[in-house]
Structure formats: C-alpha cells, structure tokens
C-alpha cells in the first residue's frame, strides 16, 4: 500500500494534467451539448414538418450510434476527407453532439410540460414566439429540466473516459497508467473512482444551487424549502 | 465514398466483417442489454421503494450506495466486481451493468411514484387498503405510465455501454470490430458498421417503448 | 508536432520531416520495446527509431503513447508519422499498411502461476492442458499469440493489454498468459512478488492448413502509411545496415536486453512475410 | 354494522376530546371538543382555512393528530392513554378501526387503472375479506342506487365529473362504514352536475341511518339533510345549532357575515 | 383604442359568420352566427359541453377555426375570402389583430417567473412597444383599480386565488383591449373569494365601455352586468334576450330546465 501511495504521489503532477483534460472535456462538451440541446429541443417542436423531421433525425442519429463510433469518425475518418480536428476539439465535439442529442429530449420534454395555460396566456397577450419562449416558457421549463440535465451532465463526465481514443490522457487513462506502474488494479481504479466522484459531487451541488435559484424565481422557493435535499438534487429522468 | 479515396471504405471488407459483428451483437450486446435491463428495472424499483418505505437506517445507506454507483464510471465498477468475485465474466458484467442502470432507473421510478396524485394514496387509506395492496394495485400500475418512456431511454443507453464489458475481457461487438481492425489494419468499416447496428437496434427499441407507452395510456 | 504529409509521396515526406526536424512516433507502451520510462521515451524499438532517423537527418523523435487499437487508425489519419510498436508482419495487414524490413525477432513466453503447476513450456503443452485439464489460456487480442491460439483451436480469454493478462493470471481468471517473451519477462522483473513466473522464450509450432507443424518465425517491424513508400525505403536502407551486423545491432538495442537471438536473419524480408511465404 | 363493544352502547359514535392539530408552527385546531351521535348528520361550515377539511382528515387518519384524542364508538382511534401517558396506537389496530369509516373526496380520487366495478370491489374483497361474488353483488346494487348500473365496466376517465363522484360515494358505501365523511363533494363539479350528486346523497340520508359528517358550501342542501350545523372559525366551533335556526337566526356577527357571503 | 378603419364605423365589433368548429369527428359548433356591438356586454350560458369556452377560444385564436369567419371591427380575423376561396390569413396579420382582444382565464395563468408588476408590463412593453415608464404607470393605475397596489412586487404564488384572478384581469386590461373575453373567471375560486373578483368586474362594467363576452355560472352577476344573455345548447344559440327577460320568462323548455338547475 505504501508503495502505491508513493507511486501515486510521484504521479500527482500528471494526474493534475489528466484532471485538467477531463475537466476541459466535461465543461467544453457540456457547454456544447447545452447549446445543441436547446437548438434541437426547440426545433424538434417546430410546426414545420421539415424542420421538426430534421431535428428528430439528428437526435435519433446521435443518440442511436454510440459515442465511441462518433469519436472514431470525427478523429480518424474525417481526416481522410481532409478535415483534421485537434484531439480536444474532436472530443468536445463528439461529447457535445452525443449528449446534446440526449439533452435535446430533456429540453423538449420540459418545454412541453410547461402548463398549457401559460402558452395560452402568451397568445392572449399577443406575444411573438421567440419572445414567449425566452421570457415566459424558458424560465419555467428551465426549473423543470435542471435535475435531468444534471443527471446527463454526470453521464457526460463519465463519458469523457473514452478520451484515450483521441489520444488524450485523461483521468481514466492515468488510472490505467497507475495500474501498470503499481500492478494493483483495485488501488489504481479506486483512486480514479474517487476523483470522478468528487467531480460528480461538484456537478450535483451546482445543479442543486441552480435549481433552487430557478425555483425561487418562480416563487416556489422558501414555501417548499422543508427538506434539505440531496434527494431533490438528483431527481428524475434522463433523456 | 468508396472509389477515389480507396482507403476509406471497402465493401468487400464490410461484407466480410458484418456477420462477425452481428454474431457478437446477438451473443453479447443483445443478451447483456436485455438481461441487464431486466435487472435494472427490478432492482431500480426495489431501491425506489426502499427509499419510500424502509426505515432511515436502511434507506439512507441504500441511497448513498446507489449515488456512489451513479457517480462513478461503470468501467471501474466492472473491474472491481470482476476481480472481487470469481464469477462468470459475462454474468458479472451483466449484473454490474444492471445495478449501474438501476441507480438511474430508481430515480425514474421515484419521480413516477411521486407523480401519482396524493389523492390516490389518501383514497387507498380511506378504504383501509394495506400498504402492499396499495402499492401493487394503485401506485405501481399508475406510475408505470410515466415511467416506461424514461426507462426506455436508459435501455437504449445501456446498449451503448455494453462495449465497456471489454475491460473484463468480454468480446462484445465493438471489441470484435477492433480485433478485426487490428488483424487487418482496417478499422473504419468494422467500427462504422458497429455504430449502424447500434442505431438499427436502438430505433426499434424506441418504437417498442412508444408502443408500450400507448398501451399503458389507454385508461 | 504531427507532420501532415497528406499523401504527396514519400520523397517529399522525408524532406518535410528533415525541415521540421522532428518525427512523431506512436507506441503502445510495452516494456522493453517502447514505453514511458519515468517520463522518458525508452525501449529497443525507440532506440532503433532514434538511431535511424538521426542518420536520415531527423534529430528529434517524439513519442505518442497510444492504446493498441488507436495505432493504425491514427497513422492513417495522419495523427503520427510511423508506428513503432513492434507490430508483426502478416499478409492481411500488408493489404492496408506497409512495413519496414524485420527489426526484432519475437519469441513467445508463457506467464504462469509460481511453480508452473501444469509444467507448461510451449504451445503444445498449453493445448494439451486446455484439453485435458480445462485450464484457461489468456492472450492479448490482436497479438500473434491470439492467432496462434486460434490456429490451434484453443478457446481463449482475450485481454486488452499486457497488464490485463497479468491481472488475469494473478486474479485466478486464467492459468496461463501467452505473450511476447521480452514483455512478459519485463513484467516479471517489475513485479517479483506477484506470485508468477515466466517461461523461457520459445518459437511456437503451429499447424498450417495441411496440419503440419510449422515453426513460427515472427519479426516485428515499423509501420508506415501506404503512400510513404519512399520514406519506408529510406528507413530500410539504414535499418539493414544495423540488423546486418551483430555488433551494431547489439550496440543499439543491447541496453534493453536484446542480442543475437533477436536479430532478424537478413535473408528474411518483409515481402516474404507479406506474401505468406514465411513462416 | 352495529358496534359490538359494550363500551359503545350509549357513547357517541364519534367524539373529539381536546383535539389539537398543528402544521409546523401553525396551529389549526386548538383543543377542539365535540361529538356526533349514531345516525346523526352533521354539517361543518365556516370560512376557508378554518380547519373543516382538517377535521375530516384527522378522523380518516390522513393527518397526524398533534394532541388530544378522537374516539370511535368510545374506543380511542389513533392515540390512547396508557400508564398515564398519551401514546400512539399500533398501526394495525388503527387500520382495523378505520375500516368502519368511509370518506368521499372533493376530487373523487377514483383509481384510474381500475374499472368502476373494480373500484368498488377492491377493498371489500381484500380488506374485508368478502368473496368475489358477494362483493360484486353488493357493488352492482350500489351502482344501481347511484344510477350507474350501465357503467360497471367503464374506466373512470370515461365518466363525467358527476358520474365519477357518484361512483366515489358508492365506493365508500361498499365498505359499509358506520361513519361517512364528505368533503365538499360537489365543489369540483360543473353546476349542472351538482344536482345529481346531491340527489344521491339526499336519497342516502332518507333511506339509511348512516352517520355523516360533511363539509359543504351548498347551504340549502345542508339545511335539508343535516340534523346539526357547526360553524367554525379559526379552528374552533363558534356556533352549534340545528340548520333551521343556524340559517334563519344566526347568533354571532361572524356567522351572519359568513352566511351573507355564501348564501 | 377606437378602430381607425372606416369599414368598422358602423359594423359590430365582433361578428361570427357561419362558424364551424370540429374536434376530429366531433362537431362542437355548426354554422354559428351572432354579433356583439361595441360596448355591449354579452353573457353566454348553457350546459357543460355546449361550446361556450370554445367560442371564446376561437376569438382569442387559441383554437383553429374549422369553417366560417370571425370578424373584428368588420375585418376578418383568422380566415378571409380571397379569389373566391376561404384562406388562412398570415400569422403576423392575425397577431396584430389579436392585440385588440384580451382574455382572462378560469385558471388565471399568471406568469410565475415574474412579479405582479412584470406580469402587467411585459406585453405592453414588448408587444405594444410602450416605454417602460408608461407601462409601469398604467400597471400601477390598474393595480390600484383592482385593489392590489401593495402587491406590485410580489410573486403570483404568494397571492390568494382571488388576488391572482384580479391581477389576471388587470393584466388583460393593461393591453387596452377593445374586447375582453372572460371564461368562468370565478369558478376556480373559494366561494368567499368570488365576491372580490365580481366586484372588480362590476366596477369595470360600470366605469368603462369595454366590450365584454363572458361565460359565467353566476347568474345573478350576469343579470347585473350584461346587456344580453345568449343561451347555448349543443353548439347553437337557442335563446338570445336581455337578462331580465331571460331569467324571469325563458321561452324554451330547455332554457327553463337549465336555469332551474343552476339558479
């Protein structure tokens, strides 16, 4: 055990680098996924069949083929057509597209679950579609979608473990290296698991804070704040 | 796609590797997903009910454990289980996948259960129905309607996590594609086909779930 | 650091590399061939690369540590210039990639539990023990031993890396792990307390299509992109000077425990392995 | 279902003794005392938030009793004195007693996943242990009484609000309760549908001697069917009279004010 | 906001011409014709499901018009005849016209993510293009009218149902509509709170000459404020009279029946 920790200590600087890679992928992929989710989630509700169909096809395609395969295409096949992406870019792009497609369903579902009466009230006040979406529907949908998005965000964090496919040396990769150096599989992956757990906790805490703020804005805050909730933070449904 | 950039796509190769991939898909990916989903669906429900029914000293540790499962990569869990218990690798892998997804499905069940109106519980109490009967006949049947589509999403997601089984030396479809690639130094066809098989498998799953959802929405 | 050659032909490729002063080499992390030794690129394959590229006027060899399955796709996608992971030359692979002349000969060893309870010394022993005693053989998928086992009709546990194989043996998942001797010995040296031992390297005898046993001569070589034939030829010219002379060879790779046994017979050519004339 | 316990012979069927109910810091009922005799029909009236619903829910054990006691047929319901201390009774024992109480909710709360008939037979079969045939027979009888014989195999979602509420009443009656609690059972209905439900209840009042505790905003109906009206304000009974008196000559100013607003 | 279009000078402010509305196979309205004059207050009554809500929703363009035309100030609203064919009008043009119509819903539908003041100023600023100061000034004026000046900065969730409904009325008025549609605006309220909302509407009826089309079950209120009452049955107008006559001497048996049930 002692040697294991010594080995780990010696590798801490590279673990810091690996952590940085994982964080870059998570934040970059998450940000991109969020943007894609909004675009696809909104267009998938379009009244125009073509727009809606297009969004649906994109969502199904990126949900249906696996992240691994998408990454392979972006990084190894695209260059054969003359498009070369940097490792980090390819990683972020693949994560963003894949999880963006999942999150699009969350966004769509949350928008749909804003009560019908709210939509009708905006019509009664003659609001334009974009204005309605931005000012009335989104703030309400946002509060609904946070728990599911945080769930997906944790999935995305874990999904960054495929980074070694694009030659990035992330936490999982470094865990593998530690395993070779120590010959102790449990120790190496235990350390890795704890690091992922730490990052996931940060996401959970962040999401809980966001949800609280969103609910407060809807006037639901203090009224219901009876239970301190690790539970509320992790609620519901993905995709 | 195929001719001018001759290296990119070779149909002969695609036809050669396809049966191999399909075989691995049926033997590993499909089996793992189907059995894993069943485990996840059952364990998830038990966990969700534990959190509702069991005393705190049981409910909280179970919750904590499931949160740990949910927040750490499945790869790590696979490796741990594989070396800690000397069971059949495929069985170990399926159980680990099942429990990993149970952590997600438990949340789905929980929100489904919460979505059953409070009045239903009260009506059951007013009729002096036992808790067991209330769950069995009132709460679970009603929550299924909201729960099934969300569970379906996780089943589809599980399909695409089966390649992680390769860390415990199970040759699933993607692994088979990589081995083929390593043998012939040609990966594109094999990996792409694996992706398309995933797509071909998840889309019908999605349709199946829709169908089921409709059936449940009948009343 | 990756030099994009975009398939304009090998001659230009070498020039471009010389201008750049750096060649990017992919390796898979397998001691003693090519691995990361305390943050520095080391190994017999790497030593050869450095020697040869220096001779060709490229001073700097930069390594990219890569998983096995990413080596060839990365090479084809221009992510690196050559693969120096001691890849075996086989007819199937020659359809999609080009190899240098043989660089280092491989021998197979077996990693077993300490005391070698089944007394395994070669592939025939393994085959017999699998059939009679039901033992489990682990091989690394894609490695030559994987194909040996296939030809011998042995059901295997297919692991993804050398470390996986060792874990399989120490964890009781497999009774024997067959891999390149040098790699297994390096792992044994690094883990003297793991409760394992490694047999002496041997040349595997594998039945051909007619069922006759054939000794498997198995060399590793550097892989180039298909269009980089001129680059490969330039590399070969320097390489054969090294492999053609026992002392020179020893001086380059001796540091990593390689010697005359591993020096390829100059009569073997990559072409013969590619066409299936050898082994 | 007359009570067999001798203690109950002359005691009121329902009795509140120093009942206290708090939600967090908010005290809704503070030391409430009243009782209902067997066969009596009592209506609770009072402004919104005065605690009417809370009283019914306490009887049905849907809320936890903060202090005091409720007796059914002279027996303590959820809490009793033992060894000089007020202690909670065992869940099992409580459950056994609540089978003698039925409740109809404002929002019907029919089980949407069961047919009308299943709604009516589920509890009699699995709680009272009746045979399927017996439960079904009784259910059809009740459906006939509420005028819905033809809807036995329909799902609740196919029924109008008024029909759903009539089924809910039948469902409560299927358990042959001694006490029936009714909480604003018409206020979720369209005005035209209110009549049919009140009709069913009127029938019930005329033809049975079931004890009823009800909350309603239909004052005319309350006047017709109830023996006594209790006026609530801020969690206490401020007036307690037969309906004729209560509606024609309310004593307190608060009652007058309230009646003016709702009549 | 008097209409500037000369076509509208003498035409009714709202006119239904052969209006047809189907939900799938189910025909709710079949060739409905009626009109409302400027400043008139018209109440729709009739049994549940007769299509009253549907009429208001069609005017507000919340439902798609299956057949016929609706005119606002003589101009076609959602559909018009062009080249001898009935065609849909452009969304933009329709949206422009609907700013002249306001609607108050049974369930209030206030925006929970905004304060009361923001609820009232959002559309005037972003739809009508008023300045913030102007919108705010008008909003406060209206809040004062409905007696809620002190709630300007509160979130709707903090208000009682009656208060929420009063805000909803103020919100609709903030757009200065020519026509105000009100669909059972008191039926989601506790009986005691109904009064305050009716009071606000009574005020409005007395002090402005806004055109109102309303559905209500409060017959007394309808009698007080409306100029005309239309009795609906099965998607058609079966009686059309001033309230005094309608309630005292209904002609048709169906109307008598209905009024007996609800009065």
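Labels for the chains are A, B, C, D and E, by order of writing; each one numbers its residues from 1.
Rule of thumb we're sticking to: contacts are C-beta pairs under 8 Å (C-beta built on N, C-alpha and C of every residue); 3 or more make two chains touch, one makes a residue touch a chain.
What you see is a predicted model; the values in this text were computed from it and never measured.
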item	value
Set of chains adjacent to chain B and to chain D	none
Furthest chain, CA centroid comparison against chain B	E
Contact-richer chain pair [A-B vs A-C]	A-B
Of all other chains, the one whose Cα centre sits farthest from chain A	D
Rotation angle (°) superposing Cα atoms of chain D on chain E, nearest 5	180
Centre-to-centre distance between chain E and chain D (centres being mean Cα positions), rounded to whole Å	39
Whole-Å gap between the CA centroids of chain C and chain E	82
Separation of mean Cα positions, chain D and chain A [Å, integer]	51
Where chain B touches two or more other chains, by residue	7, 83, 187-188
Numbers and ranges of chain A residues touching at least 2 other chains	72, 76-77, 80, 185
Chains touching one another, given as label pairs in label order	A-B, A-C, A-E, B-C, B-D, D-E
Chain A partner contacts - residues on chain E that touch it in the complex	60-62, 95-96, 98-99, 101-103, 105, 107-113, 122-123, 126-127, 155-158, 171-172, 175
Residue ranges of chain C in contact with chain B within the complex	68-69, 72-73, 76, 90, 92-93, 95-97, 138, 141-142, 146-147, 157-160, 164, 167-168, 171-173, 223, 226
Chain D residues within the chain E interface of the complex	47-48, 160, 190-193, 195, 217, 258, 261-262
Chain C contact footprint on chain B (complex, rising order)	7, 82-83, 86, 89, 166-167, 169, 171, 175, 178-179, 181-188
Residue ranges of chain C in contact with chain A within the complex	4, 6, 29, 36, 64-67, 70, 73-74, 76-79, 161, 163, 166-167, 190-191, 194
